[in-house]
Amino acid sequence: MDMNKHVKRLEALDARGLYGKDFLLTWEKTDDELNAVFAVADALRALREANISPRVFDSGLAVSVFRDNSTRTRFSFASACNLLGLVAQDFDEGKSQVAHGETVRETANMVSFMAEAIGIRDDMYIGKGNRYMREVAKAVQEGYRDGVLERRPTIVNLQCDMDHPTQCMADMLHILHTFGGAENLRGKKIAMTWAYSPSYGKPLSVPQGIIGLMTRFGMHVTLAHPQGYEVMRETEAVACQNAAGSGGSFTKTHSMEEAFEGADIVYPKSWAPFAAMETRTNLYGQGDFDGIKALEKELLLTNARHKDWTCTEALMEATRNGKALYMHCLPADITGVSCERGEVEASVFDRYRMPLYKEAGFKPYVIAAMIFLQRIQNPAAVLAELAAKGTSRAPD
Amino acid sequence: MDMNKHVKRLEALDARGLYGKDFLLTWEKTDDELNAVFAVADALRALREANISPRVFDSGLAVSVFRDNSTRTRFSFASACNLLGLVAQDFDEGKSQVAHGETVRETANMVSFMAEAIGIRDDMYIGKGNRYMREVAKAVQEGYRDGVLERRPTIVNLQCDMDHPTQCMADMLHILHTFGGAENLRGKKIAMTWAYSPSYGKPLSVPQGIIGLMTRFGMHVTLAHPQGYEVMRETEAVACQNAAGSGGSFTKTHSMEEAFEGADIVYPKSWAPFAAMETRTNLYGQGDFDGIKALEKELLLTNARHKDWTCTEALMEATRNGKALYMHCLPADITGVSCERGEVEASVFDRYRMPLYKEAGFKPYVIAAMIFLQRIQNPAAVLAELAAKGTSRAPD
Amino acid sequence: MDMNKHVKRLEALDARGLYGKDFLLTWEKTDDELNAVFAVADALRALREANISPRVFDSGLAVSVFRDNSTRTRFSFASACNLLGLVAQDFDEGKSQVAHGETVRETANMVSFMAEAIGIRDDMYIGKGNRYMREVAKAVQEGYRDGVLERRPTIVNLQCDMDHPTQCMADMLHILHTFGGAENLRGKKIAMTWAYSPSYGKPLSVPQGIIGLMTRFGMHVTLAHPQGYEVMRETEAVACQNAAGSGGSFTKTHSMEEAFEGADIVYPKSWAPFAAMETRTNLYGQGDFDGIKALEKELLLTNARHKDWTCTEALMEATRNGKALYMHCLPADITGVSCERGEVEASVFDRYRMPLYKEAGFKPYVIAAMIFLQRIQNPAAVLAELAAKGTSRAPD
């Protein structure tokens, strides 16, 4: 294993801004910082694949806060922490209740006396999830400043109402590996498109995160959805600005066909209309559960009008050489498999199953890389040390 | 501590077939392979008792999948994994739902990116539990083959509809220690008998596992139960075949007295009739919950007709010198203690409490040995290294 | 970091009585033993703050048994165990059911095959919690004696019906640090007073634990509460005896004003009347849930008559120089923040927030110190070794 390559790649980047900070939104990070996450993720993977332990912590907790059920994210986070030597400890606040102010301040400190990292997933309420993470960040920052916490745990956004940085960064790492590096992405077309699903209220964090991230690599990013399925306006603004800066483009369309036309990468996935999710958040705030039921019913009806938004073989045919990279954050709604009509035809999904699983496999490394860079002042030196030390992770 | 003795014992066995494989049924394993599990379990225990750490993994997850509540198995698995350096991470699929096909394939891979082992307990549905384990095995095998998984996690059956290998192997290890080795078991009589319990639907995995395993050591194995309480026919076939091969015997009777007569070992334990469990599985499949209730009522009534099937002092008197080894997988239904009428009289249970607890104490080591042998190519060499290194497990 | 200071402090104390025993009640321990816990807690903290790992276990489980929901205690226990190298494994017996006799004996052994420590929180039933801990202790002691358990796990009382030793010891450590040592506490006045809360049935363990512990340091301890809010008589007897022995005093009053007058430390906190809790325990025993509801209603009404028992700025004014140390075990009921009327005025709480958080921050170290002293025969030597070895806990 050639760790030197990874060390040099990391040393060429200015990633100092990550140290001691949180990872809440990709668009708050510089290109160098994002590339540092990719570099460290690759390095940690190389270490593990060479059976060299990347364990840097002898002890320490990693607090996980999940506001919904999440097997995959839970395992990704637990895997990442375990790899680094941290023990994931679940903090279950109760799923419906959204804690605020005093309570957040206090509990954030109470669970953090020996915490190195806090992973938070809070994607269910528009305007709340990312804000909650910032409340927690502020609380532990104050606790650290005032001597309550010996160390300031670093926060990783495991999905919020605005972004899903660990997913999108894993997606991007998958693209980088598939296309052979960032230099090959310039001018490529990626279609982030809505797709029909029989279920209701899927989060917006993936489409928003994808347009907010992929526009930074000089790609032509197309966002496609039926009318009414708008994402948060500020994330579109981020996408526009990024595209302008990177020499790529960001366009919108209401045609799935148009989006797929000549695309190098397609990401067809269901989500709920932003406006509806905002309404739902308000209904929750008012405790109006009848209103929520009515809204849900309405949304399912509206969804059902767009059953033709599905990733078919015919659509795939229209992509670049008929061979676009098909992506999904999983689990997908597969027509005839997990539902009658869904986001994708079974034959398309089948053909891309292994790449999809590999896409998901980057996530533990991306999470570990974020914690690594946010907690370690000289990450390149520590990587070199780990490789030199060469502690076996597992017996042969 | 003399590790050399254990190393030699292991080196004399051909256990290569365990490496990279799963432990699903004892009757799929050779005698040497089973003996290797016993040898490594003893070796790991010797290390721990000498306060030498048998930790072979620096990091890595061990996924646990439990389809019912299980404090004891959970702790046994967690203990085994912890001893080896793995962190047990619970994967809760939901208790009622039985996942299939696509879902199993996907989630098995999604939770396994950094998993070394997967422990599964799925004993509630006839024809499903063991099959589910094989689906998981196939999924991670494919994931490994296709480069999704860097390592192929090894599966340990923590109880299924057919067998309960970790329990029965622990039981056997207890017998080996009590009788001073396999050479002393030839010609001994063991009675696996049904016993009355006021509860309903106890799994068949223990009686099936016991007759499937104990028939391999030249013992005379008697299976006793009231008419109608048949176990799965294929496990009886396994028992017959094993007995023929080992020079022992496998007989059936409907008399508890006959089974106890002259027995060296007795294992009186309640279970549900196989046919009824099959019916229940089908009723579940049809969502017929009224049918299940009716079945349950009927089964309790049928059970109640056999309250005389209980391990009394008088029955114990009839065993070899009145001193047969009484065994149970725990918890037992003890007459006058945990219920009005149960599987065993309190005075019998009391006399054997400490041996019973010791019997249970072998289980973590058996699980650890299975993982050890399935993940380590040169287990004898690694044991020798651990002993030579002599890392303290705990302070004095 | 000067570990020598801590080692000498510990060597000057006779703490041999802690080894191999449990921590169930502070009043069962000698002064030297309590001081040893403080010394080791400070030493472990010093190690961690110097980034030196205090990990003494290479593997081993720490079983946690919680009879109610408890995020803070759970994290404190998990943090303490993780620091020492143990993995906390939750044993969920079900929250309502109180296991007894046979079941306790068996399960205590079944979960302890590889356990080094057992943390128990059982504060809901008067006369039950502490007794349950002793049942567990007896069970594992017997299991150890009879060769079932290779090691005898040590028990830490994480809150019972009588005492809350980890909380009170953390409180005391906070006092020691605030006042600069035990020599400065002689003659100081501490007011443990009842305070109004809109909720019902708060445990008595904190007031009882505080009067049982703080009376040992030559302080003047005043217990104040409205008539009818008596604590367990035997804990008052402990307080009297301790005060006599330490040269302090223990007095009771029904006036919050009197208690606060000239106090150096105030601890205003709600609790339920002992007699009512005893009644509730009996009602539970009888399964009389209507009776429990009626009792709860009555208690809330009685509580409401004492809304004036709240820690106001005016009351704080009356303490020594208006600057008494305000203490609470958290979470507090803060007037206008977490409830309309509560235990403390928001401005008082705000001024003491950071000290309160620091108070809570001692708890993981106190728990770790208890386990350390109860499991390690030569704790001073092991501390010196840890410092000499100097293994980094976390990367810089």
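We call the chains A, B and C, going by the order they appear; numbering starts again at 1 in every chain.
Rule of thumb we're sticking to: contacts are C-beta pairs under 8 Å (C-beta built on N, C-alpha and C of every residue); 3 or more make two chains touch, one makes a residue touch a chain.
A quick note: this is a predicted structure, and the numbers were derived from the prediction, not measured.
Asks: Where the contacts of chain B and chain C overlap, which chains show up?
Replies: Of all the chains present, those in contact with both chain B and chain C are A.
Asks: If more than half of the interface residue numbers appear on both sides, call it same; otherwise different. Which is it for chain A and chain B?
Replies: Mostly different residues form this interface, as fewer than half of the numbers used are common to both chains.
Asks: So the centre of each chain is just the mean of its C-alpha atoms; given that, what is the distance between chain A and chain B in Å?
Replies: Centre separation, chain A to chain B: 41 Å.
Asks: In chain A, which residues are in touch with two or more of the other chains?
Replies: 87
Asks: Note which residues of chain B are touching chain A in the complex, please.
Replies: 56-61, 63, 87, 89, 91-93, 102-103, 106-107, 109-111, 113-114, 116, 143, 146-151, 375-378, 382
Asks: List the residues on chain A that touch chain B in their complex, please.
Replies: Contact set of chain A toward chain B: 48-49, 53, 55, 71-72, 74-76, 78-79, 82-83, 85, 87-88, 330-331, 334, 337-338, 354, 357-358, 360-361, 363-364, 391-396.
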